[in-house]
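Several structures are given next for inspection.
Common to both upcoming complexes is chain A, partnered first by chain B, then by chain C.
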Partner chain A sequence: MITLLLILTPLVAGLIAFVLKQGNSAKTFALLASIATLAIALVAVFTTGEIGYDAAWLNNLGSRITLKADGMAKMLSLLTAVSFPLIFTAVYNNEYKNAASFYGLMLLSQAGLMGVFLASDALLFYFFWELALIPVYFLCSIWGGEKRIAVTFKFFVYTFIGSLLMLIGLLFMYFNTADQSFSLQSFYAVKLTAQQETIMFWLFFIAFAIKMPIFPFHTWQPDAYEQSPTATTMVMSGIMVKMGVFAVIRWILPMFPNAAAQSANLVIILSIIGMIYASLIAIRQDDIKRMIAYSSIAHIGLMSAAMFTNNQTAMDGVMIQMFSHGVNVIGLWIIADLIEKQLGTRNMSQLGGLAQKAPVMAILLVIMALANVALPLTNAFIGEFLMFNGLFQYNMVMAAIAGISIILAAVYTLNMVQRVIYGELNVITEKATDIPLNVKLALVIITLLVLVFGVFPQPLLNLTGDSVSALFVKK
Partner chain B sequence: MNAIIFSAILGVVMMFTGIFTDKKPVITLTAIISLIVLLTVNLLNSYGLFSIQIDTKDLLHFNKLGLFFNTLMIAATLIFVLLSGSEIEKISNKTADFYALIFFVLCGTAILTSYNGMLMLFLGIEILSIPLYILTGSDKHNLKSNEASLKYFLMGSFTTGIMLMGIALLYGATGTFGMASVGTGALPPSSGVQGPAFLQVAGLLLLFAAMCFKVSAAPFHFWTPDVYDGAPSVFTSFMATIVKAAGFFAFIKLFASNASLLGPTWNILLSFVIIATLLAGNITAVFQRSIKRMLAYSSIAQVGFMLFALYSNNDLGTEGILLYTVAYSLATIGFFAILMKVKDYTFDGFNGLGTTQPVLAFVATICLLSLAGIPLTAGFFAKYYMLASVVKAGGPLWMVIVAVLFAAVSAYYYFKVIQAMYFKEGQPETTEITGGFKFGLLLVAAAIVLVGVLPSIVLNCFYF
Partner chain C sequence: MSKIAFLVPLFPLLGFLINGLGRQRLSKSAVGIIGSGMIFLSFLTSCFLFGQVYGAAANSGGAPINSVVTLFNFIQTEAFTIPFAFQIDQLSVLFLLIITGIGFLIHLYSTAYMKEEAPHHFARYFAYLNLFVFSMLLLVMGSNYVIMFIGWEGVGLCSYLLIGYWFKNGDYNYAAKKAFIMNRIGDLGFLLAVFWLIFKLGTVNYTDVFAGISQLSAFDITAITTLLFVGAMGKSAQIPLYTWLPDAMAGPTPVSALIHAATMVTAGIYMIARSNILYTMAPATQTLVAVIGLATAIFAATIALKQNDIKKVLAYSTVSQLGYMFLGLGVGAYTGAVFHVMTHAFFKALLFLGAGSVIHAMHHEQDIRKMGNLKKYMPITHITFLLACLAIAGIPPFSGFFSKDEILVAAYSSNPLFYYIGVGGALMTAFYMFRLYTLTFLGNFRGTHEQEHHLHESPSAMTIPLIVLAVLSVVGGFIGIPAVFAENQHWLQNFLAPIFAESTKLAEEHHLTHSQEYLMMGVVTLLIVFVIAFAVKSYKNYQNTNDTEESGLGKLLLNKWYVDELYNTIVVNPLNALGGILKNVVEKSGIDGAVNGVGKLVAYGSRQLRLIQSGQVASYLLIMILSMVVFFIVWFNDSTIIRFLDKIF
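Showing the complex of A and B:
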């Protein structure tokens, strides 16, 4: 029941938000609804053991509304539930035209994301996978930047192709299940020939790789992140990319262990290429948003490489990092949005000296930046350390090459910090004031999450421990 | 039998209403009532409560599937008239005649859903087609309409010739017009007697070509864009949905039992037609500037998907074609109803509709999402069943992959309309829109979403 509420609360709230009067009522309502969802998610997290919900849906197709929350699903629902109030708080002062529709769509996307993480039925999973996409498509296209239409459409077509390929995979698996059912358990039990397994692996993997995104499927991402309204960018990079990572762990690895092992080398090499490539481009960026976008590709690359090492430590790292990256990147976006809203530019070359005008923001930005570099004592360190550990055991050379990306991350992140908050004030940054209360609140909460999990990550590891061990016991 | 008799009688009734009254709303109301009567008698027939029995010497065979399909067709026509009846009134003052022709078309569909022999197939196709030639040219002061009508008539008559030739060859080979005998009664191809088997194959191929023409499958689709574009929009909507679906039903019924005669060639031939249809429809639709023309090409593309039911020829395919008909008819009728309210049919003509007419834009979006096959709309399950039926039948995976890639292409042109409505600025001109029309549209949207969440609603009606 709790799991159902996690989806229904944002879904119903989203639909209600559409009919609310334009203006402040919608955003207050959305904030309250997201806090309610957070409360439910916390209940879910503190309930021990697997919780679930099951109801009949399409009997003649063998599909049921089955929701299950194991550790990984709980962790990601928590991430989703934490992110939305933070986002709504941070953008509370932003004025959106047709605010009611904006917040309605945001809440609908939250419902879709929750569904993706909780669904334990393949067809239901597919539904939520798309439900998360459509609102985001509208959000980006209506409230986005100048080039929004073309850019978000590229994003849409990419993911739509991926979804359709996955749909074929789902159908094929479905007809090979013993009991003609879409349930996760039946899918796990399907026996395929080696060749079939390889084809299925790629049909699913391309869908998820596009979402993450992994090199060479990443080309939609920087443009989409840049052009979207920042609130949506936060959803996309903080949570939506985790859909891809999550889906690989939940669906691909247990279903196609042999094909995954066979293709591991290729996937890891692609991921590492993506990491280095994205890091190098990030260094060259002048636009803060684009820099964060490329840095995000690099971080996701590490996660996807670690997933395929077939190493339990690395998988623990992926779990922590999914949560940490989600929180950290939202923090970075909040600051980027703040700077853009205040000064009207995101170009580092036009900024500088903000530390003198906005000391609190400077401190918070430094903390976010250090978390992005994965410095010890920040939450990202634990995850990256565990992932590199696993990657090192898998292949030393690959780990070494991937390690370069840490150095590169320090280069572009600290460079950004330096150019934005230090140096001389100029005409543009003269106008800067320190951060408003609502943004401060959101960032302080994020900072707390960064530091608390940086020092004491054990609760997160305990939470996702069952999912990880289940993954490795099966083999 | 009910539907055939009543649609013919009601068609005549409609003609006579034109004599007694000039008030167009009265005529439309009569048509709506007549359609409800027709729907009722057909439903009574389906559930065996009341049916007129005439000994047709087994030329017609009424089964549950055919009757249910007929119900769908009549219901779709009812929705069509309810939403777009006012547009029919606008074309000219021959409103009553147009409705009469629509009823004759329904008579044709009733025959096509129940035919049990080549003769009836031919009759059904002709009863269906001839009123359409007239309806296409009904806007008689419009040159494009005239051109479309003539083109359709010439091409259609030519195809009828091909079809007759096919039927004649089959008759020559088997000595009967019956359905069952086409596949089974003849000498098997391996018997050494080459003559009849060859005639049979040739006959079937000619029939195949003729049916491809009727449902506008490539490479026999060239008439479609011109005819759909030239005909008054309201009749395009009718032709693209009800008429096409009826043709499809006949197509599937004809080849479901006979395809085996063509052996492995059949699958190759059909895959070629499917891929060619998807390619021709989708790729050309991308380049259209008029939404009406885009819809014409996209209807060709949809045929590509519907042909999967013919390829798989299993229970999922049957259920799929029912769902596809519902989903595609609802979405197309709904979207055409909106299109007719907008004065400019180009993509730019829709710019800013989301702001000026939020209800229209919202329903149009639902319809387009359904046509593109996005989950939570009926169109998703329609496509889902088609793909599932092919995978189940063990069809080649590459064909399925090609099909979904084309589905992604189709998203491109459907979403262009959504982009125009919501993401671009503009002041689209619309004709007057009543509250009742909006309400009707919202019901259509609700139906699309309902079927998209619970497709079993439609299928349960069928199995009940």
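Showing the complex of A and C:
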């Protein structure tokens, strides 16, 4: 029941938001609804053991509304539930034209995300996958930046191809289930020939790789992040990329273990190339948003490499990093948005000296930057440490090469810090003021999450421990 | 062991939080009292711990003392557990005293040195300083390599924050960033070593690692120690990762004292001393450590010969002295290296604080060519600085003599060539230090009249630390009296013996005869005295002519062998260029081009099908269904499709 509420609350709230009068009511309503969802998610997290829901749906197709929340699903529901109130708080002062629709779409997307993480039925999973994505097309194409139409189109083409591949895969699997069912358990039980398994693996993998994204399927992302309204960008990079990571862990690895093991080397090498590639590009970015986008690609690359190492510690790292990366990257976007809204530019070359005008913002930016370079005692360190550790056991040389990204991360992140907040003021930054209260609140909460889970990561590790061990017992 | 160990890092952490969060409200005096007071409390706790360890060691009769205090489990997975725990034994407690003791003096000094800063910047400064000490304490107190790594990266962060403390200046920010990134290169090596340990032993706790050493192959040990040493190269500024340290003087001068003496750069020495058994079992790595250390000692000393910035000379002298410590570690003289860390902490802190006093009096002038005759105006600074110079030059019975002698004697036993080169470096040390001393304090004043008019001795908050450090620099060596003077009077060696016991067992005994040792000491001391006299004579009547263009070797040294330029050419610029190519060429026309091609193809196809006007989502659905139909026809037979359609409709 709790799991159903996690989806229904944002879904119903989203539909209600559409019909609300314009003005402040929509954003206040959305914020309250997202806080309600957070409360439900906390109940879910503190309920021990697997929780779920099951009801009839398309019976003759063999598809049911089956929701299940194991540790990983709980953790990602929590991430989704924590992120939305933070996002709504941070953008509370932004004026969106047609705000009711904006917030309605955001909430619908949240419902879709919850569904993706909780669904234990393939058709339902696909349905929610699209429910999460389609609002984003609208959000980007209506409220986005100058190049939004072209960018939405590119984003659309990519995800369209991905969804198509996934749908083909799902249907193939469905036809091969023993009981003609879409249930996850039936999918796990499908017996495939080696060749079929390999083909299926790549169908699903490319679908999810686009979403994460993994090099070379990533080029939609910097554009989409840059052009979307920042609130949507936060959803995309904070939570939505985790759909891809999640889907690999929930669907690919248990369904196609042999193909995954065979292709592991290739995937890991691609991921590592992507890490270095994206880091080198991040160094050369002038636009804060694009820099964060490439930095994010590098971080996701490590997760995707770690997933395929077949190492339990690495998987623990992936789990905790999904949460940490989600929270931290939202923090970075909040600051990028604040700077853009206030000064009208995101180009670092036009910024500088903000530490004098906006000291609180500067401090919070430095903390976010430190989390971005995974400094010990920030939450990101735990995940990176565990993932690199697993990668090292998989292949020392690969771990060493991937490790270069740790150094490069320091280069581009500190570059950003230096060019934005240090140095002398200029005509643009002269007029900056410090951080508004609502943004400060959101960032302080993120800072606390960064530090608390950086020092005491064990609760999160324990939460997802069951999902990880289930993955390794199965084999 | 003592339950109160956690207080040692807790006090500076509290100081950081109070001063950091209260920076807009607290007065400068409150900030100074909190900032220094917290370190003093830490120092008192450390003294207490030292007493406990000393007592326990006396009772245990040379056996290792059980000394781990676990706070909680930091990371626990199926494969391994990393406790958040402290190890309070002879080695860590010695470092605690150095860090908190000298740290406190530097804090005290800072209250006067930084008093012209605005209150909230003053508070920011002290908050950073406290955080720095906190990180360093974690580094030495941790009972495993991961806790050490937390402190290891933590001091990197704090040096970044403090070097770039005056954040309006672009050069300073650049220096700060350089420090952090160079450290990170080393940190990667450290991390890989930690992963290696986990891989092979499933633990990172010192006690378990050292107990399980027999399960490691010789290759493992060599690899682990080499990777750890890469970390030490970054943190302790050794070739090739040393260039950040001389630039680090961009920070306020007391920060340099903190970085160069009490914290940060000694981390590498501590780490190797802590892992001594691993290094003893990896002779190849030991040779590498010794060679790198010696090369750094000489290389940095040559650069120091020609620098004109008072802090730059001192910075290169630190790099050089650290090289001696690594030489000591490399030849197995672990006690000697730790001894030199300690005496060096005394005289280098003194030198930097003395330099700060000079810079303070000279109104931020750092060029020694524009100083001179300061002994007349600053008697305390002058005397204490002179004592520090004598100590670093290695004149008996000042502290530097004993520790450097111990390292050099051990180097001779290992390889006489190390000894001769090391002595060469020591002579250069004597020369550049007394060049610095003479140009600053002797001769004629060469600054402006304005500056001369304002010359003054520093306030007592600055001179008291100078005096305390001067006393320590003079007498600090007596805790390590070599056997040649008196048998078994080497207090430090006896105290640290349990830490290095396993290594001592494995090491081959080399003993020089007493007459040999006396001869070596005597000759070296004579040479040093001669060099000092030569330096003073050469620079006593120095006139700042400004127009003497350096050429040849002098120019090479003045420009620090062009190493920064070399690194820019072979690493920084190519990486930047590569990033540019990836960004502008590969990303735009390569990958993106291909995708846009697909996109255009879809768009074109859609146009041909006259579907575009129905909107994107509609065409998306339609194409999806069409493709599915195609796919069905290819992949499935008719009956499956009919069955499926039957179910839907």
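The rule we apply is simple: the second predicted complex is superposed on the first by the 475 of 475 C-alpha atoms of A that agree within 3 Å, B and C clash if a C-alpha of one lies under 4 Å from a C-alpha of the other, contacts with A are read in each partner's own complex, and residues count from 1 in each chain.
By our rule, a residue touches a chain if its C-beta (ideal position, glycine included) is under 8 Å from a C-beta of that chain, and two chains touch if they have at least 3 such contacts.
Here the structure is a predicted model, which is why all the values come from computation and not from measurement.
Trainee: Applying the document's definition of touching, compare chain B and chain C: which contacts more of chain A?
Mentor: C
Trainee: Between chain B (first) and chain C (second), which does A:F156 come into contact with in this model arrangement: first, second, both, or neither?
Mentor: The answer is both, since A:F156 touches chain B and chain C.
Trainee: Pick one for A:Y126: touches chain B only (first), chain C only (second), both, or neither.
Mentor: First partner only, chain B.
Trainee: Regarding the shared-chain residue A:Q195, is it in contact with chain B (first), chain C (second), both, or neither?
Mentor: neither
Trainee: With the two complexes superposed on chain A, say which partner A:I281 touches: chain B (first), chain C (second), both, or neither.
Mentor: Only chain C is touched by A:I281; chain B is not.
Trainee: Now for A:L171: first (chain B), second (chain C), both, or neither, which partner does it touch?
Mentor: both
Trainee: Contacts for A:A399 in the overlay, against chain B (first) and chain C (second): which applies, first, second, both or neither?
Mentor: second
Trainee: Which holds for A:R148: it touches chain B only (first), chain C only (second), both, or neither?
Mentor: Touch status of A:R148: first partner only.
Trainee: Now for A:I407: first (chain B), second (chain C), both, or neither, which partner does it touch?
Mentor: second
Trainee: Take the contacts of chain A with chain B and those with chain C, and give the residues found in both.
Mentor: 60, 134, 153, 156-157, 160-161, 164, 167-168, 171-172, 175
Trainee: Can you name the residues of chain A that touch chain C in the complex?
Mentor: 60-61, 134, 137, 152-154, 156-158, 160-161, 163-164, 167-168, 171-172, 175, 216, 218-220, 277, 280-281, 283-285, 312-313, 316, 353, 355-356, 359, 370, 375-377, 382, 385-386, 388-389, 392-393, 396, 399-400, 403-404, 406-407, 410-411, 414-415, 418, 421-424, 455-458, 461, 469
Trainee: Would you pull the chain A residues touching chain B in the complex into a rising list?
Mentor: Chain A residues touching chain B: 57-60, 126-127, 130-131, 134, 138, 141-142, 148-149, 153, 156-157, 160-161, 164-165, 167-168, 171-172, 174-175, 199.
Trainee: Across the complex, what residues on chain B touch chain A?
Mentor: Going through chain B, the ones touching chain A are 369, 374-376, 384, 387-388, 391-392, 397, 400-401, 404-405, 407-408, 411-412, 415, 419, 422-424, 454-456, 459.
Trainee: Going by the contact rule set out above, which residues of chain C touch chain A in the complex?
Mentor: Result: residues 72-80, 120, 146, 149-150, 153-154, 157, 160, 164, 167-168, 170, 173-174, 177, 180-181, 184-185, 187-188, 191-192, 195-196, 198-199, 575-576, 578-580, 582-583, 587, 591-592, 595-596, 598-599, 602-603, 616-617, 620, 623-624, 627-628, 631, 635-636, 640, 644, 647-648 of chain C touch chain A.
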